[in-house]
Every structure is written in structure tokens, then in C-alpha cells.
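To start, the structure under review is shown below, and the notes come after it.
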Amino acid sequence: MWHQQVIPALFPQIILSVAAVVCMLLIAVKRNHAVVHLFTLLSLLLALGSLGRIPGVMGVDGLFVVDGLGVFMTGLILITAFFIGIFSYPYFSQSVLEREEYYILLLLATLGASLMVISNHFISFFLSLEILSVSLYGMIAYTKTSTVATEAGVKYLMLAAVSSAILLFGIGLMYVATGQLGLSGIGRQAVYTPTSGWFTAGLGLVLAGLGFKLALVPFHLWTPDVYSGAPAPTSAFVATISKGSVFVFLWRLFDSIGRDERMVIIFVVIAVASMLIGNWLALKQQNLKRLLAYSSIAHLGYLIVAFVAAGDRGLDAAIFYLVAYFISMLGAFGLISYLTESGKEKLLLQDYTGLFWQRPALAILLSLIMLSLAGIPLTAGFIGKFYVLLAGVYSAQWLLVMVLILSSVIGLFYYLRVVVQLFSRPDHAVYFPRSPYAISTGMAFLVLFILLIWLGIAPGNLITQIQQVVHLARG
Amino acid sequence: MDVMHFLWLVPAFPLAGFLLLALLGLRLPARAIAWIGTVSIGLAALVTLWIGLDFLQQPPAAGHYRQVLWTWFNINGFAPAIALYLDPLSLVYIFVITFVSFFIHLYSTAFMRGDEGYPRFFAYMNLFVFSMVTLVLADNLLLLYLGWEGVGLCSFLLIGFWYRDEANGYAARKAFIVTRIGDTAFIIGLFLLVKQFHTLDIQDILSQAPQVWAIGAAGAFWVSLLLLGGAVGKSAQLPLQTWLPDAMAGPTPVSALIHAATMVTAGVYLIARMHVLYSLSPTMQLVVAIIGVLTLLIAGFSALAQRDLKRILAYSTISQIGYMFLALGVGAWTAAVFHFMIHAFFKALLFLGAGAVIMAMEEEHDIFKMGGLRKKMPITFWTFLAGSAALAAVPIITAGFYSKDLILFDALASTQGSTWLWLGGFIGAFITVLYTFRMVFVTFYGEQKKVIAHDPERETAMMIPLMVLGVLSIIGGWIELPHAWAHFTPFSHFLESCLPATQLKAGVESWELWLQLLTAIMVIVGIYWSWLAYVKRPALAYQLKQTAWGRALYPFFYKGWMFDQLYDTLLVKPVVWLSRIDRHDFIDYIYEGFGQLNIGINKVFSRTQNGYLRWYLLCVVGGVLIIFSLILFV
Amino acid sequence: MISVPVHVQLLLASILFLIGLVGVLIRRNVIFMLMSVEIMLNAAGLVFIIGGAHWHQADGQAMVIFILAMAAAEVAVGLALILQVFHLHKTVDVDCLEELKDTQS
Amino acid sequence: MNLVFYIAALVAIFATLRAVLHKHAVHALLYLIVSLLSVAVIFFILGAPFLAALEVIIYAGAIMVLFVFVVMMLNRGEAAVQQEKEWFRFRTWAWPSVLVLILFVEWVYMLWRGSAQQSFAGVTQGPIQPQQVGELLFTQYLLGVEMAAMMLMAGIIGAYHIGKQKQKSYHRYLEEKSDQISISENKTQEVI
Amino acid sequence: MLTDILTILFVGGLLCWLIPGWSRWIATLAVGLDLVLAISRWWPSAHTAMTGKWIVEEQYAWMPSMGASIHLAVDGFSLLMIVLTLLIGLLGVWISWHDQAIAEKRGFFHFHLLWLIGGITGVFMAMDLLLFYFFWELMLIPMFFLISIWGGEQRKKASIKFFLFTQLSGLFMLIAILALYILHGQQTGQYSFDYAVLLGTSLSPSLAGWLLAGFLLAFLVKLPAFPFHSWLPDAYTQSPIAGAALLAGLMSKTAAYGMLRFALPLFPQAVHAFAPWMIALGVIGILYGAKLAYAQTDLKRLIAFSSFSHMGFIVLGIFSLQELAYDGVILEMVAHAISISGLFFLVGMLRQRIQQTNLDAMGGFWEYMPRMGGIAMVFVLASLGLPGLGNFIAEFLILAGAYQAHVGWTVLASLGLIAGMIYSLVILQKVFHGKTRQALPGADIKPLEFLVMACLVVVIFWLGFFPQRVVQAVDPVVKQLKQISLQELPAQQAHQVFAQSSISTNI
């Protein structure tokens, strides 16, 4: 029940909730983009700082478990949200709409995600998922005068609602079968009813619901449309935080109920399909945001390889992979936000022709990101992929490992296509705007750049950190 | 001080000449180039003479001298060295090489004057002499192979010396590649030797081989076959003889030096050098003899039909080397080497004479467009006649008689000889007479058809070599007289220490005089017939050409028995065709196909992203269906 | 109380759920789609009630309350979006929303 | 009571089907309300009186009213019915229905298999009273309630931002035209 | 000292980028300094047979929790390759000194060049398998950029193709490395990527076969060997000159190095089972490459395919598992690096003069560039294996070694000598001989170019006449490899390697 330690354990989440409310009040007092922006960033930093105050592993009401994994992921989510906050400012300052509400939604969505990673109960999971989703509806359709944003919003809303319903029905069936809503309780019960029709049917439906959020094949079709329709910062959020948090819950769920052989087969099928189809879809894609969307489908497939591999190694691999993936995606969408000119995003690859000859630093960052996504050494993505492969080989998932290799080569093709485009000499004079808000964004890019390289060359620290986190989760 | 220690100077002088010319040639005046080119060879010749005299006076105790310069490489005891080996055989060879080279260089200083490639020419020629000397002096087969390929390279470079004409380039390439085919067999032979003996030292191999292999052993057979491959290629014997006639595209001194006197006899040297292996494989020895006979016949007939002065000589060269092979095949090692030496003299002479004629005729090669040069170019005529006589083996007075007669006798009389081999050689000799004197009569007799523009006889540098070689072509044979006449055989005696004497059948010595008589008659008949057909009654040759046989055979012989066409159809065309159709590498299409496949798949999946929300929903339902099916049915 | 077996109850929930699903799939009117989603959510709620009844727990009901809240929030945003769509496109036909798609190159 | 359950179930199924298939939006909504009411009955039977009440008040009452509002706002009348008929073609509904039918078969099969393994014969204990639910909500699930609040806040802000129309100076008859212009402008800008 | 070499290169690269105006000098300085460093260690050691295993060894922590460390070490073989890399790197910098094709963003060019050299050098130093893989892939990135930024007309396609091939194959090697790591960890409890540690891992024949296959795939693609060569013509022809020289001259050698250093010692028994197949691939490569080279109408493509053909000798040599052949392979690595660099430099000089590399546009250049022609001749002759030049000794030793074990294949491979001559002569004759197609007065070789080419010429003659220096330096490696040939499997067991197709249960 309630005792004093609960509050410090949930410090970040509490700070975020309060910040959201305060933010709303700030807007009510006076609309000022810069103030709200700064406030959001500060509160995110504050939440991040409060992570240090968390006393240790503890459960809260059976709804949450604040363990190493949760804390680490909360931190990751907060940092990512911080970057998205930075990228939002130049993006929305050009917009004619009210921009301030976006930050409330950003805070709320971050709240939802940070709650999800510590959820240990279907009710808390469901609610955090809905906080995230509902905020995202608003964030995706935020530039409401744009037909594409609205369209993306409608598509996401409809699909998310249907998948939520499917997920709920699944949870319901599992509840009927076990009489439990807490993960640990279900885990206990699942031991007795491993092959129960209701339970497996429910689990299958839950899987479908989670698969939708993770954009795994065959629930992936919304991704490109939403990514390309939504404002770039939102796309970054959808690509990173929303997936990462759901993935953590997926891990917790299957850790408690055990990885049934049939479930593993389903995951193998899904992973193979995601890796291959995601990369195939991106192969000839000319729209950078869609390309990133397809790439994210494939990346989630790689993550599922780590998931199937399971164990500490799998979790290590998955977390590291997530970190690398987050950095890359953030950088990519950050660049798109940064290069947005009076509300018009540069979407087509050909818009980026010759970026190198105009803005070499940006081009090098973007190519590094592409190489990281492709898993080439010197970048964080390489260590991530290496780690996943290690986990896959360790658990002797040869099929997955082989498909991973083949599909990552297919993937390499389009990443390189982007890179080559950046470096090709333009036929005509190209102009890339210098955003007036370059300082903070530039710093953010610099940090991402350094992180990409640093994690690619000397990942030792982070790996050790992650390994400790994993032990904390078990202990 | 031991004179032998200066052996390394023999290759070193030409090499130094080459390096000087290659590095500085473009900056030096023509005179300096000529000096460097000629003097370097002259010095080498002097050193050779010096060493040779020393060798004769005080032969080394072991019968040979070995000079190790440095170890090439040493892999677990397999250690070929850069080392020189001098024994009577190599001494004869370097003697011939350096002296003939010297005269040809001398000749060239005048012949090549004014050519823009003057420095290049002498550089290549010096490099050639270096390589040839290395080949001959090599103590192991790997170094020999270095010289072997080096001479091939120089041959290539000099055939294609006038590089602007693509035909020359083609001839050069052909020469290099065809000989390379033989060389490849050679090098495979080396692999076999390495495997068997773990060494390539010639003397080691020769001393070990009889212990390892019995007579007729398969190993010996294969090694000698493979080495023969190399020899056949370099010496333009059947079946790799086709390159030599085309090699006449090079400057005439080149033809004289490389394609008559020295390089083409490298094969003879190789077999003579490795004679122990051939002795161990009688089959191969017979093969050598048969190749020799067939080559000398085929080339002889071809020479009979040629119109190009140099091509006649080229076929004649092939044919004469055929004699050497015949000699090697019947175990008459010294006879082969003897004929090599004599042949070097007279064939170099003939080529140089031809060069003078061609120079006078302003690059006209067709003998039927010449004529009546006897009076205008007396020195050339008389020396050419001396050479021709030697080639035709006019009895007693020419050197060629002694060497060729020895071979013919041995072909019949040696233990490995037979009537057939002799008969082939004899017919060949007759043909030799016919084409030689056809050439002489057509070129120098009859009426003059062209004015001499630039009289080569005024060039002393050209005439001296002609005269020296002319003298040698006459008197050179006297160092080895037929047994039937007198037991004066210093040449074979000299070579005895490294080449065994010919094994004769019992009681054959009495045949020798009869055979010589037969030869003499044959030569006279031949000369008479040529005189009849080309001077007295030229219509006779024409009529003969018009008979059914003539019409069929003349083009056949003219084209060298159609070997070029045969190889073209069998080898060259298929390879070229294959290259052309697969220029873009069919393997690449496979990978491109993979790429296209992926793009096709991309198109298929891309269709699913059609933007319709209801379709997306349907796919979600489909996904649920798939998950359920997996749960139920897997 | 009642003796209807649980699987029959679940069958009812499933039928309602699938009817909702069919509705989402076959209606081109966005409003109808949203309605159908509500049917699905309602069916899911029914499952929780069934579970709660059989395990005799209040958790199921609590969950349904949360579902209700979620449905309300979703409908609010959904309807706002539908209005915006109508505003921009002058139609509620969902098949008209196909600007975002892969263009065949 | 069993009979009531079956009757309510049949009504619910029938009303839901009508709601989904009906061409007229308002009629469909009314059918949906009927369906929700009958589900409320089932809630009651299954021992959840509090939820039955909430179902009626919030679902059938509040949420459906929202729908009615929107339908009214769009105010598309007979033309809309006509259009619905046009949209409702065989090829529109055939494949999804087949797919869902297959899904239904598998679904039922799984439920049936589950019932073979876990048999619960109906509801045996008494109803769960509202106070039990309330207690749970304010003790263990207190944080959940807070989260629901946050979720609603997100919904409200989203709906507010998206739903808010800009003040426009034109007369409402002109509005349509100006909107069309803005659409075409948008289209040219955002074409991908 | 090893880290110094790498640091100088990588930092030098960054400096080049930051100070583009001085990039040529910085690059010269960095590579030159490294070259001096490397030679100062190699030259003495080549004189005398080495005593210890490594001449220099350094180790630093990298990912301690995974058992990966920055373990650098060199013996005579590695140092030889490093010296070679740096030499060609330096010459590459010089030959592109005035190259107009890279005038734009020159600093960035030199950055990539130095990092490429650094990557290659790293490959030759790494004694930790993960680090090896790291450098192995690191090489690709600068190479990719060199092609895709400063390459020819088809640079996009070429660079991507190159990257895809090498990356895919590299991943297979990574899998093999990981599997080996895990197996060793499971057997001994020591999870480490260290070469020395993994060397003695005992593996079942089928498993060893699969792991070896993973390694070989990477090496065969990079080399490239027969069916994996498809990327080569495009990449070689499209890359800038210094890049092409490094690509053909050294990156391909990293593959040969990898086989000798890693593949063979790690899986000595599986190697025997693979040898016949590999030899077949090598021989097919020799002949097929030669045939393709002959058919080309573009000089660069021709040279590219000639390189492919020569790589067949390396495969043949390695898998004949004979002492002579090992020495031959190492010599071929050095000699081919020199000769192919020379040829590519030559093409570069020609392209600077006539702006293309099509053979039909060339002919009779001897008239205007006799010096360049002479130098070209040396490299052409090296390529066709003329004795006296380094390549001959190498090919001779390879074939002589291979002959000890595989007569038939060796005889076929020897046909490659003929084929090699056919296409090599095309280079000389079509470019420098024949009718003069265009007048190029004053186009003969410039002093700096002459210096570069002279260096290569001297080295290749030196190799031809004094290969003992190299043979001595690599003696310990060859001795080690020789042990492998003694570990022959019984024929029956070797058969099982292919019979068992699944290894999933073994891990």
C-alpha cells in the first residue's frame, strides 16, 4: 500500500504529471512558445534528475515495479523526449497554429511511456498505453490544417482503437482463464494452464495488440503513412519511445508467463517477416520518412530476435539495440525537423541531393546515422547488431540469425542509397536553410553524433551499465 | 687470379649496356648508343674468349666451373641460387652467342641508323644477349627459365619493334604467346622436378635421376615430355612452329640473331643439357626424333613455296632446327650442338645478307620482284652464296656439309636411328637444296627489276660481319671431320665431358662414305634442277605450279601446311568467341538477378501500402488470423 | 444466479466483438467505424465482467470502468478528428483518405 | 435468469448487427443504444450492477450522445443514406466478412477447446457490490485512477486542439469556397 | 608503437579534414612517419630469424565484460604487410597530388584515404577476433566514400554493390566469430575473443566446417574468388586512383592475410575438407578472370579482372596447404600489391591525360610517352609473370607447391600463365603500340609520378631477385601453417563434414 517510498520511486512520473498540468496553466495564463518549450525541457531534465532519488527495486501496489530495467528505460525515454522537445521548437516555431499544446501532449505521452516501462499489471499497462496513444492522436494530427497530418491521425486513431480493443479482449480472455490481471499472478497461474485455449487465445490477441504498437508485420501497414503524415518530432516519438516502451512491457509479460514453444514459433515467424518485409518495402522508397518507417519495422524485427533469444544476454542486447536505435532515429528525424522550411518538410530523397556540398556537417551526421541503422562499425548500430547476433547465436536461433544477416544486407542497400544521394553532386544549385534556432539543435546533433561514435568505438561502459541493470531487474 | 671468376662479366656487360641505354637512351646521341650497344657485347665476347681459352688450357678439375652470385631464396632447403655454370656445352653456346651477337650488333649500327627507335633497339638487343647468356650459363632450371623467358620477351619486343604497324604487334604477340604455351609445359616440368627432387639444380637432377628412375620410368617420360614442350615452343618445332615465319616482322638483324642463330636453338640447348632425362626415356627420345623429321620436312616444303625472302629463311631455320632435333632424338648430342654452331654462322649470314638485299630494294621482301643483284652487290652475293651453300650442305667445301652429314649418318647409324628417320632427313636435305638455290637464283640472277637506292655495300659495318660469317660458314666445319675421313674430332672431344658420344650400331662405319656420295649427288641434282627451273627455263616452274598437284599443294605449302588456320579454328576463334559473348560476365547477371528479384518483391509489397485504412484494418485481422492459425496448427 | 456456461458467455462477447470488427471493416463512413470500435470495446468490457463474475473479483469491473474512460477519451479525439476530416475533405468517406501511400516508382 | 440472459444476448446481437449494417446514422445509433442496454442487462445478470448502471449512463447516455451530436452537426440527411447505400457494395463487404468468418470459426474452436480444459458452470456467487468496486478503485487501483485522469486530460487537450476552428471573417456561405481553396493549396504543398 | 601507427593515421586523417589546404602534406607526413616507424621494426627482424612469436605486442581494455580487448600484435608477416600498406598508401597520396578529380574537398579525400590505410593497417595488427572484424568493416567505410564521392560515372552503383557484397560476407564471418566465441566459452568458461585463446578450441568436424565456411565467405568475397567477384570490376573501375590501388593492392590482401592468420590456424582440420573445393574455385578464378580480362575494352576493367585472375593463385596456394605455396602466397600478396598498384597508377596518369580509360581511345602512346611506356612495360611483365619480377617467384612457388598435392588442378592453373600473358599484352599493345590515335605532346611522365613509379619498379625488381628477405621474415608463420598440413583428417571423417548439414543441436 501507500508508504513513503512510493513517492520517490515514482518521482519522474509524478514530475511529468505535474509538469503537464502546470504547462496547461502556463498556457492559460499566456501563450508563449519559448517559455513553454523551456519549461518542458526543464521538467524533463528534472524528471531525469529525480531518477537518482529512486531508492531501489520495489513494487508499487502490484501495478508497477520500479527495477533497474524500468529506471534505465525511464531515463532513456526522458532523454529521448528531451531531444524531441529540442527538435520541436524550430519545427513548430514556423507553424501558424497554436504550438504550445504540443508540449503538454509530449509530456503526457512521455508520462505514458515512462509508466509503461515500469508496469507490472495489465491495468497499469492498459492505462499507460492509452495515455500514450491518446496523446499521440493529438500529436500526430497536430498540424490539423494539413490534410496528410489529419489523415495520419485518423488512420492511427482507428487502427490504434481497433488494436486496443483486440488487446483488451485478449487481456479479458487471459483474465477469464487465470483470474489475474497482475503479470506475476498471471505467471503463477500460467504454469497450471499452459495450453488453455482461452489463455492462448487471449495471449494471441494480446500479441496482436502489442504487435500493432511495435509495428511488426503483419500489423505494420500504418507505420509509413503515420510517419510521413505526422510532424517530424511526432514521428520521432512514434519511432522511438512508443515502440521502446511497448517492447519493454512485452519483455516483462513473457518473462513472467514464460516463453512457450508455440509462442516462440509465432515470434520467429513475426521476426522473420518483419525483418524481410520491412527491408523489402524500403528498398526503392523515395520518401525519407517512409523509408525510416520501413526501416523501423525491420529494426523491431531485429529486436524480436533478441527477444526470442531471451535471457540476460537477450535483454542486454535488446536494451543496447534500443539505445543505438533511439539515437539513430532521433538524429534522422531531428534532421528532418531541422531542415523543415516554413512548415514544408523535405521528404524526398532527391531533396537531399548534394547536402554534403552545402552543409557537410549535416550530411555526415545523416550518413553516420544511416550507417548506424545499417549496423556498420564505428557506429553504435554496429555494436547493437553485434550484440543481437551474439544473443541469437548463443541461443542457436540459426534461422533468425541468417534472416537477420540477409535482410540487413537488403537494408544496407537503401541506407547506402540515402548516403550516396547526400554526397552526389547536385545538378543545380541547392539551398538548405540555416535555421535561426540552430544553437540548441546543433548542440543536440553534436551530442547525438558523439554518442553514435562513442558507443560504436567504446561501448564498454554502457554494456557494463546495462548488465548491472539487468541484474537489478532479476534481483 | 682465376680467370673463371670473371664469368659473371659475360652477362653483366650486356646487362650494363641495357641499363645504360634504357635509363639514358633517350638523351644520348646515336653514335654513343651504337658504341654502348656494340662495345658491351664486344667486351662480353672478349671475356668469353678469354675464359674459353683459359678453359681449354687448364680445364677445371671437375670439368666445369660454378659461380654462385647469391641465393635466390631458400625455403626449407629448396634453394635455387643465382649461379653460373660453365662447362664445354655452355662454353660453346656463349661463344657462339657473344660472337655472333657482336657481329650482328656491328651490322645493326649501320642497318638501323636513322630509326627513331635506335636506343630502344640496342637496349632490347643487349637485354636479349644478357638473357640468352643467362639461359645458357644458368646453374639451375629456375634461372634458366628466367633467361628463357627473358629471351622470349626480347623476341616479342623486337618483333614488334616497329610498333605502329598493328600487324607487327600481332606477330610479336603470337610469337610470345605460342612460345609461352611451350614454356608452360616447361614450367610444369619444373614443378614435377621440384616434387621429385626438391631441387632445380641441373647437375643435381642429372646425377640423381638415373638413381630414382629406371629406363622407361613414367617420371622420366613426363619430365622429358614437358621439357620438350618448352623446347618445341622456343625452337619453333612441330606443333608450335607457326610463330617463327610471322616473327620476320622484326628488323632483319633481329631475325638473324634471335630467330636464326641463338634463341630458337635454346630448345636444342635445353634438351642437350637435360640429355640424361631423355636417355632415361627412349620413347621420348624417339618422339624428339620424329618431331625433328616431321618439322624439317614440313618446313622444307613450306620454304619451297614462299616468295618472301625472310620467310624462306624462317622456314629454313625451322627445318634446320628440325635436323638438330633429329640428332638429339637419335642420341647424337654433339652432332646437334655442332649443327647449332654451324647453323648459327650461316643462317645469321643469310639473314644479314637478306637484310642488305632488302635494304637495297627499299624494304621489298618478294624475291620475284628482285633479280640480277649478283653484279650490283658482289660482296653480298658471294657471302650469301657461301651461306646458301652451307645451308644446302654442298659437300666438302662448306661447313654445313660436315654438320648435316653427321646428323644424317647418325640418324641411320645410331642405336636409336632408323632408315625412316634417315630417309626423312635425306629428303629434307634435297628440299633444302631446292629452296636454297631457288632463292639464290631468283634473287641474284636473271634481270634486274629494281634500282638500288641505297647501296648497303658502302656500309663497312655491314659488310664486315658478312665477310666474317661467310668465312666461318665455309671453314667452320673443319673442326669435326667425318670418321670415315680422319679421326679429327676436336669438337665432340671437347664436349665429351658433358655430352656422351653417340652410340652407333655395330658395323655401320663403312656406310658413311656411301652416304656422303649419295648426298653429294643429291645436292648436285638439286642445284641443277633449281638452275633449270629458275634461270634456264623459268616456265618450267610455272608449268609445275599449274599442274593439278601444284595447284593443290602450292597454296597449302605457301600457308605453311595450314597450321595457322587449323589453330585459328580450333583454339583462337572459340576463345575469342567465348570472350566476346561473355564480356559482361554472366556471374554478374546472377547477382543482378538477385537485385531485380528483390526489387520485384519490393513492388509486390509496395502495393500493399495503398493508403486505404480499411485494407490496413483487414491486414490486422489477417494478422490475428495468422497468429490463431499458428497457435492452432503448429 | 445463472448457469449459462462461461464459454457461452464468451461466445456472446466474441460475436459482439466480431460484429464490431466487421463493422469497422465494411463501413466507409468514419463515424460508423468509430461506432463499431465502440462495439468492440464494449464486447471486451463484457469479457472482463464475465471474468470478474466467475472469479468473483471486483478487478474486472474496475477494468471496465477504465475502459469506459478510455472509450470516452478516444471518442472525443476521434470525433474531433472526424470533424476536421469533414472540414478538409467535405466527406466522411474513409477511402478518400489515401494521400499517404507508396507511390509506385 | 438463464432465459433473460439468452433473450438479452439475442437482442444484443440483433441490435448490434442492425447498428453496424444500417444505412441511416441516427437509426444505427439508436440500435447501438439498444444493444448497449441489453449488454447492461447482461452485466446485471453477471453480478455487476454498478457497471450495468454505468453502461447505461455513460455509454448509452453520454458517449452515444456525442455521436448523435456529430451526426447532427454534419447534418447530411437523405443524401447521406443514399451515399451509404452506394458505398455498401458486395466487393466492399464480401472479403472482410469472409475473413472475419474464418476468424470466427477459429475463435469459437479455441473457446470450445478452452472450455473443455477449464469448465466454469455459470455464476454461482452473488453480485459484486459497487462499494467493493469503489474500495478497490480507491486503494489498489488509486494510481490507475490517476492515470485515467491523465489519459482524459490528453484526450481533452487533443480534442480541443484538433476540434477548435479558427475564427473566420467570412460569411458562412463563403466559408466552403475559401476552404476549398485552402485544400487545394494544401494539396499542392504536401503532395508526396 | 602499434597504437602510435594507428593513432598517427587516424589523427592525421582528422587533421587533413580540418585543414584541407595542407591535407596533402599532412597525409604525406603521417603515412611517411608511419612507414619509417614500421620499417625500423621490420628491417632488422627480416635479417634474422625471429625468436619470439610477436615482434611487438600491445593490449588494452575494450569491452572487458565481453572478453574483447584491443589486442594488437605483429610478427614478420604482419609487419611486412603493414610496410607494404603504408608504402602504397604514401605513393597513393603522391600519385593523386595533382589529380583534378579530387580537387574538390581534398581534405575530406585525404581523411578517407588515411582512415582507409588505418583500417587496413589495423586488420594486419588485430589479434582479437572482434577487433579484427571491427577493422575489417572499418576499411569499407572510407572506401565506400572514396568511390561514391570521387568515383567515376557509375560510382553510385559501384560503391553500393561493393559495400553490399563485402558487408554480407563480413556478417557471415561475424556469425562464425560469435559462434566460436560462445563455443569456447561454453567449453572452458572463458569468454574471450582473443586469437591466442581461441586458437585451441576443439570443434566437431561438421561445426568446424560451418565456422570455417563463415570465415571463408568473407575472405573469398573480399579477395575476390570465383563466384563472388561480381563487385570487383565496378568497384575497381569507379574508384579514384589511390583508392583503386589500395583496394586492389591491399584490401584484397587482407583477405589472404585473414585466411593465413585466422581461417587456417583456427580450423586446421576443416581446412582439409574444404581444400579441394577451394582449389577448384581458385583455378576457375584464374582462368575465368583471365578470360574476362581479355574481353574488356576498358583499361581499368581489364586490370580489375586481371587482379581477380591473380587472386585465384592466392586461393590455390593457400589451400594446397604446402610450404612452398605458403611462401608463394605471401610473396604474391606483396608482389601483386605492387604490380597492381603500378598498373592502376598508370591508368590514373593516362586518365589525367586523355580523360578516359577506354582502350579504343588509346594507341601509339609510346611516341609521346616512351618513359611511361617503359614503366608500364615493367608492370605488364610483372602481371604476366616474367621471371626476374616479384610475381614470377610468387606464382612459381604457389604452383610448385600446389603441384605437390594436386597435379591436375595445378596443370589447369598453369594455363593461367598463358592466359595471363594474352591479356597483359593487350595492355601494352593497345595503349602504347599501334597507330597513334591522338597527339599528346609533352605528356610523358612528370617527376613526382616518376618518383612514385620508380619506387614501385625498384621494389618489384627487388622482390624478383632478392625474395629471400621476405621469405625469411615470414618463416615463423609458414612454419606454423605447415603444422596444419600435418593435421590431416582421415578421409572418412572429412566426408562427414559435408554429410552433416545441421549444427543447431551442437551449440
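By letter and in written order, the chains are A, B, C, D and E; residue numbering begins at 1 in each of them.
The rule is simple: a contact is a pair of C-beta atoms (placed from the backbone, for glycine too) under 8 Å apart; a residue touches a chain by one contact, two chains touch by 3 or more.
Remember, predicted model here, so these are calculated numbers, not experimental data.
Nearest to the common centre of all protein CA atoms is the CA centroid of chain E.
Averaging C-alpha coordinates per chain and comparing to chain D, the farthest chain turns out to be B. Per-chain Cα centroids separate chain D from chain E by 68 Å.
Averaging C-alpha coordinates per chain places the centre of chain A 26 Å away from that of chain C. One finds 42 Å separating the Cα centroids of chain A and chain E.
Note: centroid distance chain C to chain D, computed from Cα atoms, is 5 Å. Among the residues of chain C, those in touch with two or more other chains are 6, 10, 20-21, 24-26, 28, 34, 45, 50, 52, 54, 57, 59-60, 62, 66, 70, 73-74, 77, 81-82, 84, 88-89, 94, 97, 99-103. Residues of chain B in contact with at least two other chains: 603, 606, 609, 611, 613-614, 617-618, 621-622, 624, 628, 631.
Of all possible chain pairings, those that touch are A-B, A-C, A-D, A-E, B-C, B-D, B-E, C-D.
Residues of chain D that touch chain C in their complex: 1-2, 5-6, 9, 12-13, 16-17, 19-21, 25, 28-29, 32, 35-36, 39, 42-43, 45-48, 50-51, 54-55, 58-59, 62-63, 66-67, 69-71, 73-74, 83-84, 87-88, 92-93, 96-97, 99-100, 103-104, 107-108, 111-112, 114-115, 119-128, 132-133, 135-137, 141, 144, 148, 151-152, 154-156, 158-160, 162-163, 165, 176, 179-180, 183, 186-187, 190-192.
On the chain C side of its complex with chain A, the touching residues are 6, 10, 13, 17, 20-21, 24, 30, 33-34, 37, 40-41, 43-45, 47-48, 50-52, 54-55, 57, 59-60, 62-63, 66-67, 70, 73-74, 77-78, 81-82, 84-85, 88-89, 94, 97, 99-103, 105.
Residue ranges on chain D touching chain A, taken from their complex, read 107, 110-118, 139-144, 146-148, 150-151, 153-155, 157-162, 182-183, 186-187, 189-190, 192. Considering their complex, residues 95-96, 99-100, 102-103, 106-107, 109-110 of chain D touch chain B.
Here chain E touches chain A in the complex through residues 61-66, 105, 108, 130, 133-134, 137-138, 140-141, 144-145, 148-149, 155-156, 159-160, 163-164, 167-168, 171-172, 174-175, 178-179, 181-182, 503-505, 507, going by the rule given at the top.
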